[in-house]
């Protein structure tokens, strides 16, 4: 079997550096070399020609954030279950009990979430 | 047609006996004249009437008659009944120097912008209007353009050469 | 069958596999053949512009392939139609928010001088609020005339100096319209 040394992965690193380097160098060069005229009205946000008032930061309902975070948590739990599914037989009873404890802890959290009404969409 | 002009007129004369001043029927459209004290009551009466159901204020505007003394501005209301496909026109005359009228926004919400337009162009002040300001013209304008008090062309303009405009 | 012809090359030194010319000319050529318009179409002249952008009088073959309604991404402000006095500050704001290099094409009689509408509500020419480069008269002008206006703008764009926005002339021009840029 062929062995892979860490030094084999240097080209990837070089390509990464070149890509980022190109972006950084062109941005710096255009900012320093390019002509620009600034002005108060010119730099205002474009609102089809009328004066823009205030900023665009409106409060967003927190339910979106909560649903997203809970999804991430339970998705990670499911990811942990994949290797268990692959090595099910070789882990035997010990692995089984362990995984059930793991899921049990997370289910306790889930029960708390439901009782608190966090997933209530209204 | 569930009712005729005459029936409508009789009903209105019964309800608002002294206030129907002038009645005519140009092209079949019943036109009545009334005074400004009674107009809002008349509009709500017509809107809430179970038979007529004039629930649509089609148009609200004004006309300037500079030669009729004491009756220079005519504010015109056009009402429409969807159910019977029937129109009615009501005119109210007001005298000139500071023409004022009670607002019809309490009866019809569509009167909001129409009264703003009438104020913008004719200068009629609608008492009780929630937001009476210019709607079509520039806010800084200090005259009322559609009044017939001005000559048609701006006498002070500098940029148009008269000879090229046929004068 | 029409034979296609190549555009005239700018002056430069030609050799075996290379062509050397000056920045001004290359950039000018690039700019003039890729003017992205901002169609500020208000009334009838806007309809003529739509006809000009259509396939019969195709404006896209002059490089105006991408009309943009955002001033940040447009080179050419085409004002087509009657501009009311209430619209004038909006037009001015749109012009100020365009990035240099920018040109203005005033299409039609109403945009150039108010047209037949010499009234209390119509701005008598957009050059009362923004500097204009080319005027296309007509009521409305035919698409051929709008194309000629664009070709004149192309001439201006090709010959414009690269440092124009830094010159005093440009600053004085904008100051005369009360447009303040640093």
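Think of it as A, B and C in the order they're written, each chain with its own count starting at 1.
By definition in this document, contacts are C-beta pairs under 8 Å (C-beta built on N, C-alpha and C of every residue); 3 or more make two chains touch, one makes a residue touch a chain.
All values derive from a computational prediction rather than experimental measurement.
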Using the touch definition up top, find the fewest steps from chain A to chain B.
2
Give the chain pair that accounts for the most C-beta pairs in contact.
A-C
From the mean C-alpha coordinate of chain A to that of chain B, what's the distance rounded to whole Å?
62
Here the gap between chain B and chain C, centre to centre from mean Cα coordinates and rounded to Å, is 45
Which positions of chain A touch chain C when the two form their complex?
35-42, 44, 46, 48-51
What residues on chain B touch chain C, complex-wise?
136-138, 141, 145, 153-154, 157, 159-160
Write out the stretch or stretches of chain C touching chain A in their complex.
70-72, 89-91, 93-94, 96-97, 100, 162-163, 165-166, 179-182
Could you pull out which chain C residues touch chain B in their complex?
85-86, 113, 118, 120-121, 124-125
